[in-house]
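In the two assemblies presented below, chain A is common to both, partnered first by chain B and then by chain C.
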Partner chain A sequence: MSFLRYVFYRLLVAVPTVLIIISFAFFLAKLLPGDPITVMFGELQPPPEVRKALEEKLGLDKPIYVQLAAYVGRALQGDWGKSIHTGEPVTSLVARRFVATLELTLASIIISTLVGLLLAYISASRPNSAIDSLVRLISIGSYSIPVFWWGLMLILVFSVNLQLLPPGGKEGWRSLVLPSIALATVNLGMIARFSRAAMLEVYTQDFVTAARARGFAERLVMIRYVLRNALVPIVTLVGYRFGVLMGGAVITETVFNYPGMGKTIVDSIFARDYPVLLGSIMVISLTVVVVNLIVDILYAFLDPRVRVKA
Partner chain B sequence: MIQRLGAVGLELVASVRRDPLLVLPLSVISALLIMALFASYIAPHSYERGDLLARLQPPSREHPFGTDHLGRDVLSRIVYGSRVTLMVILTVMTFSIVLGTAIGLAAGYVGGTLDVVLSRVVDVVMSIPAVLIALAVVAVLGQGLDRVVVAIVLAELPLYVRLVRSLVIVEKEKLYVEASKALGAEGLRIVRVHILPNIAGPIVVQATFTAATAVLFEAALSFLGLGAEPPTPSWGLMLYESKQYFRIAPHVAVFPGLAIFLTVFSINALGEKLRDRLDPRARALLK
Partner chain C sequence: MGASRTFIAAVFLLLVILLAGAFLFLRPDVAPVPTAPAQTPVQTPAPTPTPALQEIEVLRISQRADLSTIDVQAAADSPTLNVFSHVYETLFIMRFDAAGRPVIENLLVESYRQINATLWEFRLKSGIKFHNGKLLTSADVKASFERGPRVGGMPRILLGPVSKVEIVDDLTFRLHLRSPFGPLLAHLAHPSTAIIPAEVAARYPDKPIDDVSLIIGTGPYRFVEFRKLEVTVLERFEEYHGKKPTVKRIEWRPVADDDTRISYLEAGNVEIVTHVPPHLAKILRDKKFQVVQMPSARVIYIGINTERIPDVRVRQALNLAVNKEAIVRGILEGAGTIMTAPIAPSVFGYVRLDPYPYDVERARRLIREAGFEGRELVMIAPQGRYLKDREIAEAVKMYIEALGLKVRLEFMEWAAYVSRVTTQKDFDLYLVGWSTATLDADYGLYSLFRTGASFNRMHYSNPVVDDLLDRARQSADPAVRASLYERAQVQIWNDAPWIFLHVEDIIVAMKPGIVGVEIHPIERWILTYAMISK
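Now for the complex of A and B:
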């Protein structure tokens, strides 16, 4: 399969995924307690004839598949409804919050990749040594830490005791430091483990042995031959971890009172602001789909073997 | 049965000797089981009644982990909390294994349109972060520990469907399955007698990691105030309640968090060992 055909194929497969995600949101809306009209009026419920007129106006009397089609159509055009509480269109609210979450996610991807690669490099240079075991322990520890607790501990040390950094909110880069460290901590273990395995796989290949036979220094062999060739699968993993990180960001944000998607989602569940909840879930899921798509395409571009398999 | 348990015990002792790093995880998990079974004997105080005159006390001889904002003994709440954790682990594991295996078998063994539809749905669900699925389920069902279990199972289920499906597809093409078919065995018998025992290893490994995820997710949802309800001694709920007080009384946050961390760490460490033993594919990948 040529590269372009592969890209086309992947894009084609993504279309139903997007449609299914929007449909999920629709059925979720149907499952949520309270129908839209009851929620709209709150304490003062309208008389039956007004309710009936409203149902007709909103299309709630039509069969479910017609409603679904209408919902998907509106969602694709960017009409995700309005917040029940503030009346602000969901798209503009979510867009604002989404940027904050993206900042947090990207910052922690950078930190966790750098630290994870460093750990992997250290342990892959001395496989099965004591330091290798230590890195393994650190990695398991990393993905065992409850991120919300870790966040509280960071606040305790760096804000309450040392008073170095703000404990939350969003004012300038300083308030991004603790949340992104918290989120990076729980992510770096996976990256370290996987990168170590990827490096060791390259490690035993003939061209590495050949480089060593030519008398290159071990560090040069590790960086120029091993690391560079292991980078392709590592980049892919980092890309695929994006979804997990976005989910993690949701929880991290509530600890640090960080005004991103996570806080939006939790607040909207408590406030029963369902259009906001559904919009947030949709935008995060769609972002993950898009990022995975980009990673797939990038991977196929870097490693032609992938295209053949697909 | 007793003989078999004895053999398992001996093997455990042997593997601890070979790998001293297993000491910590095995002791933590044993402690968890003992705490859950004998909570009323171990806990020095009640988990729900506190002394309002002794609120937010730092650790002392009377209260080794201090007291919380209602004057309740933190150690006792953690001891009783092990029951919540264990209950969540067991129910989540049971439901995700049973349902996931059933759906995965249906997709992999039956194949055809059913497989296409199921795989497509699983693909999409897996592209949504698990935390969001859990949050959505809680939004629909409401707060409570039982709903949290449902939420975690639904978030974990796709993993099993995908795993079991891929294992079954490989297994059902093998010669011995064909042989038993030739001998006249029916579909369900083949699945039960031949396929299931042969794919059990990776499923058990996956289940271990599910246990770790279940602890983390229950704690996370309770921490968000969407999980266990007061006065349940859920470790996550304890952290939720500590949010207002941990600046002046750090112990109310430190100890429940440590309990979660040690439990999850131990389960993950054991899971990795199990994977090395039971799942040759992963062994080749993560050597």
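Now for the complex of A and C:
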């Protein structure tokens, strides 16, 4: 199978995957008691005739599978509908949120991968030394910190006391700094621990010993032989974390008042705003499919053995 | 290894100290917060600009929630109505006298007269412009009043008494009522009866508006931009018919998290924050921010399903069993007052009654007499809807269980909760709040206690109360109405279809130097005439 055919095939498989995911999401949302009209009227629920008229107008009166089929039909033609409550077109809303989430995810993944790899490198170079223990402490600490507390601490120090960075919102790169640090903190410990283990596993293999025997400098051995060969599992982890983060980081988004996918989805569930919910889930599931595909392609790039098999 | 162990131990210790230090640093004052000193219910607007005061270019405010809808007639929550109160206008407007009592004044209306008990005639001010340049006419009023009840619960209640809108000429119209209705003008002063252009009503006759370019009113501000969860921007409408606003641009920046919202104020990202949690109010006061704390018109209560608990002795026992003062002091940290009537003190018609004392012995005796011992009650409550709702529900459960009853308490998120409260009867107790949005007793009593009324989920029915509430509606004489409401409230108080809990406080914090922000007991903040001292 040629490379392009492989990519095409993978993307084709994504179609039923996304369909199954949004069907699940839709049925689950419908299983919840209450609907958009309940939310709209709150304590002052309307009499049956008003409710019925509104259900008709909003297309909520038809059987669930008809609603779903109609939605999918329109979505395939590019009409993702409007938010039931605010009337905003779902495409522009989700596009904005997607970009915001992508920015946050990229920033935090870059920080956490760089710092995580650096820590792993330091650790793996001197296994079981004092510095290794210190790095272990920092790593475990970083992914044990509750992110809401850590986020508030960052706000308290850098926004309230030092007044250097905005405490939240999304205006330019400055508002991206604190949330991406908060998110990166949680990930970098995980990446550091995982990479250290991966590197140590390679560390004792024959080709590393051989490289060392040939008299290469230790740093060269670590980077060219150990790290490079440990990258496959690391890429898997980073790719996986990337996918998770693209689904939104609800707590971080809430603490930093950041308009990302996570809050959008949670709010749309609370408001029973089905078009927004489905649009967001569709985009996220597509993203995860694409990220997985990229990770698989990276494998081939990093490990010639995979290329041979393919 | 010895040295490295010591090193690790030292680092660990350092981390612990740092964490503990940071924790103490952030920890709010745990001493009980004293209740706020008595404040006048409303901050009166600065009367005239003085050399020391100047206009504000941009005023930024953070509420807890974003716009829930872009249709003013479909809105029912105060964060949304607060934004729209700057964009749309009503026929009348509620202002407050020096003593903080509500006074209803003309806004879009030039004059009016009551022709007979069920017919009123109004004349609009001439030359009032909508933001799209069109002139306001009777046709806009008719279209708005006919559309409202089809799309929103608030207009449905507020305009319920109106049976027909008759256009006499461009500026004159008549309202035909189903029956005499005393609090009519208070209803026409509520933002949910705002006037929208007839052509917008015609485009969306029976579904919510879904196009921001159609947010068009006659108010002091034009709606400029809406980015959900980010910002809503209003700009001064230069052709506004009233006094020229002193704030050029208002930005509403919703922040859901309490701590983050406060840090927005502290970091200078916004000038005003609302819904300040009580434990942070003191910190802000210490940091020299202006903090306004006053009772709202919202009561928090536990409704009792009288079909499942018909015995009045049991309902009274439940009231005696709950220590309301402890809830206000301990859970709300003083940010409330215990209820002394089914409506809040700021509401017209309120009469002060003696609260049920905290008397467990008497409560137990009543339960015994009613043969209700050992029964299990189902209680439901929302989470995150009202100030500390979860903690309050848990406290009430504990108090009731002290009587030897069992309480099965279920928490639900809001949409599921509302759906269950308004359609099911499979529970004994439910926690909700009710804000008397018109500050008139009719709104605070009729929909809640009249037999079969829309939010009477207690299924409470007392012909005496029904009669009093009906008669109070039909009179236009405030003295007559007040005396009827007094009798109704005494009867309701004794029948105890609720566990009467408390009236929530409003807490708003502002940057020092800002004056002229109007804060109303109905959780309404009007920024139009705010100024800042130089």
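As a convention for this text, the second predicted complex is superposed on the first by the 220 of 310 C-alpha atoms of A that agree within 3 Å, B and C clash if a C-alpha of one lies under 4 Å from a C-alpha of the other, contacts with A are read in each partner's own complex, and residues count from 1 in each chain.
In this section, contacts are C-beta pairs under 8 Å (C-beta built on N, C-alpha and C of every residue); 3 or more make two chains touch, one makes a residue touch a chain.
Model, not experiment: these values are computed from the prediction.
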- prompt: Given the touch rule stated above, what does A:Y143 touch, chain B (first), chain C (second), both, or neither?
  reply: first
- prompt: Which partner does A:R10 contact after superposing on A: first (chain B), second (chain C), both, neither?
  reply: neither
Task: Examine A:K62 and indicate which partner it touches, taking first as chain B and second as chain C; both and neither are also allowed.
output: neither
- request: Applying the touch criterion given at the start, work out whether A:L277 contacts chain B, chain C, both or neither, answering first, second, both or neither.
  value: first
Query: What is the contact status of A:T264 with respect to chain B (first) and chain C (second): first, second, both, or neither?
result: second
Message: Taking the superposition on A as described, I'd like to know which of chain B and chain C A:R212 touches: first, second, both or neither.
response: neither
Message: Under the stated touch criterion, which partner chain does A:T254 make contact with: chain B (first), chain C (second), both, or neither?
response: both
Message: With both complexes overlaid on chain A, does A:A53 touch chain B (first), chain C (second), both or neither?
response: second
- prompt: Does chain B (first) or chain C (second) touch A:L152, or do both, or does neither?
  reply: both
Statement: chain B and chain C footprints on chain A meet at residues 32-33, 133, 137, 141, 152-153, 155-156, 160, 254, 270
- line: Within the complex, chain A is touched by chain C residues 3-4, 7-8, 11-12, 15, 22, 25-26, 67-70, 74, 76-77, 149-154, 156-157, 206-212, 226-230, 253-257, 259-260, 263-264, 266-269, 413-420, 422-423, 432, 434, 447, 454-455
Chain B residues touching chain A - in the complex, by the definition given at the top: 21, 120-121, 123-124, 127-132, 135-136, 138-140, 142, 212, 216, 219-220, 223-226, 236, 239, 242-243, 246-247, 250, 253-254, 256-257, 260-261, 264-265, 268-269, 272, 285-287
Task: Note which residues of chain A are touching chain B in the complex, please.
output: 16-17, 20-21, 24, 28, 31-33, 133, 137, 140-141, 143-150, 152-153, 155-156, 160, 193, 197, 200, 243-244, 246-248, 250-251, 254, 265-266, 269-270, 274, 277, 281, 284-285, 288-289, 292
Query: Where on chain A does chain C make contact in their complex?
result: 32-35, 38-46, 50, 53-54, 57-58, 82-88, 93, 96, 129-130, 133-134, 137, 141, 152-153, 155-156, 159-160, 163, 166-170, 254-257, 259, 263-264, 267, 270-272
